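What follows is a set of structures for review.
What follows is a pair of complexes built around chain A, which joins chain B in one and chain C in the other.
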Partner chain A sequence: MATQSSRATARLMVAPSVILLFIWMIVPLAMTIWFSVRIYRLLSPERSGWAGVRNYTWFFNSPDFWMAINNTLLLVGGVLAITIILGVLIALLIDQPVWGQGPLRILVISPFFIMPPVAAMIWKNLFMHPQNGLFAAVSRAFGTEPILFLQNYPMSSIVFITAWEWLPFATLILLTALQSLSSEQLEAAEMDGASALSRFRYITLPHMTRAITVVILIQTIFLLGIFGEIFTTTQGGPGSASTTLPYMIYKQALIAKDIGRAAAGGIIAVILANIVAFFLMRSMGKHLDA
Partner chain B sequence: MARSVSTRRKLFFTVAAWSVALLIFFPVLWTILTSFKTEASAVASPPELLGADWTLQNYSDVWARSDYPRFFMNSVIISIGSTLLGLLIAIPAAWSMAFVPGNKTKDLLMWMLSTKMMPAAAVLIPMYLIFQKTGLFDTRTGLVLALMLMNLPVIIWMLYTYFKEIPGEILEAARMDGASLKNEVLYILTPMAIPGIASTMLLNIILAWNEAFWTITLTTVNAAPLSAFIASFSAPQGLFYAKLSAASTMAIAPILIMGWFGQKQLVRGLTFGAVK
Partner chain C sequence: MGKIVLKQVRKSFGDVHVIPSVDLTIENGEFVVFVGPSGCGKSTLLRLIAGLEDTTSGVIEIDGKDATALPPAKRGLAMVFQSYALYPHMTVRKNIMFPLKMAGMDIEAATKKADAAAKVLNLTSYMERKPGQLSGGQRQRVAIGRAIVREPAAFLFDEPLSNLDAALRGNMRLEITELHQNLKTTMIYVTHDQVEAMTMADKIVVLQAGNIEQVGSPLELYNHPANAFVAGFIGSPRMNLLEGADAQAVGAKTIGVRPEHLDISTTAGQWKGTVAVAELLGSDTFLHVNVEGHGTMTVRGGGDVNLRHGDTVYLTPQAGKVHRFGADGKTMA
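Up next is the complex of A and B:
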């Protein structure tokens, strides 16, 4: 149906988006690559020149770097695991015959609408604060010492807060998938004597694979760049116990004011993100054919 | 065919599901409650609920202490502006990709999404310099542009999946019946596309409203939206809990209410058409 001229028009209609996105991507990227091979310190501007690969080797030799990679993976992996496992369970629960499914969905989706710095601030002060937080009050009620969440368990606390923010997204997408599962198939399996567990394992779970893939792809995109939650709660500390790769770059740029090193970190982050993206997109592409 | 369900079973699941939902919602509820307590009551131990001193003082304090209306207006302008501009650019693109797909269309869509994989912190300095040089720093125009570009891939994706569901045969049938191109667009395509466009718009207003990296790093005073407003309350020790809660409530309330009304459309749109 598509004629030569309609193809040309189609290209013209796509062009503005492609050009804008390309500029949005390539200009900052090119500048970052340039900075990453230069000596560029805001605090000593008289020293400038080629740095070669020294900014990169600094990063690789910094003990913080491996910690940051580890923390980034921990954050992404931890939040994905929690949101998907709890999301499946909660979706299964809400999918049961219950009164008030509409209001239920509204309560469950709410954390998704909360601005990340607000969410982090609520958890940090109203809940995890060692003197005035609600968790501390609960500890005291049981006669135990309040737990110093952000001091002693900074990464776990950040994973927890971030998982709270993303649980609604996972839950509701998985619920949408569940609701399209035909009940006849489940009933037939039940009549054939399949247990609840094997019905879940062999019918429900395969039906949800696609939804789980979508949750992994979209959450990973957002989780790789998590910044506000760390900035508001621990500032990457104590020490660098909760510093992720984006946060380490931020610290190099705005606290150490070493733009060259920050840029090298940025390029490393971009390369790592692209490796992740490549695998995600490939598996996602298969699922989007239909 | 609905299965007959015993009332008892339904009661059990209702109680269980509501308990879980309230647990998830509790931090939001607790913040809203705390915002109406006096500062002393907010940090009382054990926590006060029914016996708390209720007050509206925190709201008037926050209102007096900071220029809330300006932050609010900036949030509105930036989130709505970036969304409308994004739609203007994305609608033709998504439209042509959905109706005149080439063999590279899917790769193009994937590439667009992959531009979102670049961690914002990685390009902070270049962006900062570009914004300073072009005079876009701390302007609403600058943030509208930045957030539009940031969310453009999501807008295109969502619209694409909605447009793809419009059956091409309807267009052919209309053409056979002698509909002109103008009538085709006006009476057939537009009504079918509006729900998709509306939910794309809603989701992107929410994403832009809640964006808290560029909105904080690329503004100081003039263009600062509510994310910057809340960041200014970020060191509340001891006696500022109630005010912090009031400020938080003021920052999240508009979008929370909007999200509640649109939640059904949102979820569908967010799956990028991969989950029916």
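Up next is the complex of A and C:
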């Protein structure tokens, strides 16, 4: 890309996809903003007109809203904490040369191939179910009452199920990072008198920071929009105990059939995602530089 | 302080016996070079001494104490790796201070020692940089600095110069030799480069297939190689090894003549050949001569030898400079 004409050609060639991507992004955003300031209820089509900021204020005044924000952050934070801590430990474990390493790694990765609603149904019906579930059977075997996971601990259960799904992703990324660590560095540290724990703390963990950053960024993007797991297990309940922001938007759009409010919720979600992204990039962006 | 004794040390990986059995004594303060072709087990032997590999059987003594089962850190040895193995996320200062920090030394004393080491190695102005911002030679010095601060009983070098370019390699060779003269600590140095071995060592250990072929001072190995392998390995360019009637005439299976011990003549001599390639180095001239019945022989002549491709040349070995090897490859008395 040295000469002026090749640079100009490059710009020309890239332009169509840039323009297409821009339209792809700006049209839905513009439409959502438009709907969010309109009165647009599917059940009462005769009422229309400007809503102003009323769709937004409805959200901020709703007691469910702050709980939904709280639940969303809890879900993201909880899943991130579990997947990264367990991911590092499992990656360390399966990086060891053991017999049957190949099949073992495939087993560890496999939950990621199960689609979210299916995974959630498996956990709901086969493990957490108060009558048929495995956990209930274990509880009864010990003579205690089965724990009603989805009734009494809905948010923790959803965090747990989602973490189970995302743990393989984190493990996979962290494992590749671990495998790129030169063994000479670890040996040098061993010669320098570092214990196994110090070697992890001073050599392995710093080596993995970039991979951990990547895991945090990618997972945050996906976890902010988690929907299927909630829909198939608790339906946001009991009450609104496990309603997150995306689920609240869904309820406004498809249960209350209020497109205006749902659009306003969507814009709030976009803003929330940007705030999270801003803080993530500020605190972690430096780890991405080579 | 740094006497290392190996007694019948063996190392096997499964059925592969990398080191069949090695006995070796390294005196305190000696600069010992392990040299041999790649895959001869020299690095494995070094790693056994370092404690990075478990010994299959045998005893490794350091300072008269059995260290065979000791973990690497407890052996009091420091190692410089081929890849330098610097910690990329730490500054030069932190790299050098790392072993002291692990030993629990307080920061002030550790900083003082690191600064002292940096001064010796000309690293003072790079202390706050990360390894990624240093050149190959500087990284090498940091790795040495990290080894020095521990004040080890012996230094272990695993092909430390093989990632450097030729000029820098020459410099570092001198620096490491000087370092040895200043510190007077035992050093064990692994290389496949016989020039490094010849120039640096007090004592060279030539290895082949995990066996020690010969141990001796550089000149001892050059003048009195124990067998054809050592004779061929030590010296550059390689010794010419000849078989056939010429060898049988002196009662040997093989005879060896070094390139520098052949007289060149254009009129008469023992062997007749034609010059294939003439390498003119100014100070010396290396001739690759196709000799009838013996293939290519290498000859070293003075800078004034004026022979070109295709010229006929006669070669005669200098009296008393012919090495004779028996059928078992050993030097004949």
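The rule is simple: the second predicted complex is superposed on the first by the 274 of 290 C-alpha atoms of A that agree within 3 Å, B and C clash if a C-alpha of one lies under 4 Å from a C-alpha of the other, contacts with A are read in each partner's own complex, and residues count from 1 in each chain.
Heads up, the rule we're going with is that a contact is a pair of C-beta atoms (placed from the backbone, for glycine too) under 8 Å apart; a residue touches a chain by one contact, two chains touch by 3 or more.
Because the structure is a prediction, the values reported are computed rather than measured.
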Partner chain in contact with A:G236 - chain B first, chain C second, else both or neither: neither
Comparison of chain B and chain C by chain A residues contacted: B
Partner chain in contact with A:H207 - chain B first, chain C second, else both or neither: second
Contacts of A:Q185 with chain B and chain C, given as first, second, both or neither: second
Touched partner set for A:G78, first chain B, second chain C, both or neither: neither
Touching partner for A:G193 - first (chain B), second (chain C), both, neither: second
Chain A residues contacted in one complex by chain B, in the other by chain C: 184, 187
Chain A - residues contacting chain B, complex: 1-2, 6-7, 9-11, 13-14, 16-18, 20-21, 24-25, 27-29, 31-32, 35, 90, 93-94, 96-100, 104-119, 121-123, 125-127, 131-132, 134, 137, 140-141, 164, 167-169, 172-173, 175-177, 180, 183-184, 187, 210-211, 213-214, 218, 221, 224-225, 227-228, 232, 245-247, 249-250, 253-254, 259, 262-263, 265-267, 269-270, 273-274, 276-277, 281, 284-285, 287-288
Residues of chain B touching chain A in the complex: 1-3, 5, 9-10, 13-14, 16-18, 20-22, 24-25, 27-28, 30-31, 34, 43, 45-47, 89-90, 92-93, 95-97, 99-100, 102, 106, 108, 110, 112-127, 129-130, 149, 152-153, 156, 168, 206, 209-210, 212-213, 226-227, 230-231, 233-234, 236, 238, 241, 244-245, 248, 251-252, 255-256, 259-260, 263-264, 266-268, 270-276
Touching residues on chain A, where the partner in the complex is chain C: 182, 184-185, 187-195, 198, 202-203, 206-207, 209
Residue numbers on chain C that touch chain A, as the complex places them: 50, 52, 71-73, 77-79, 81-83, 85-90, 98-99, 102-103, 146, 150
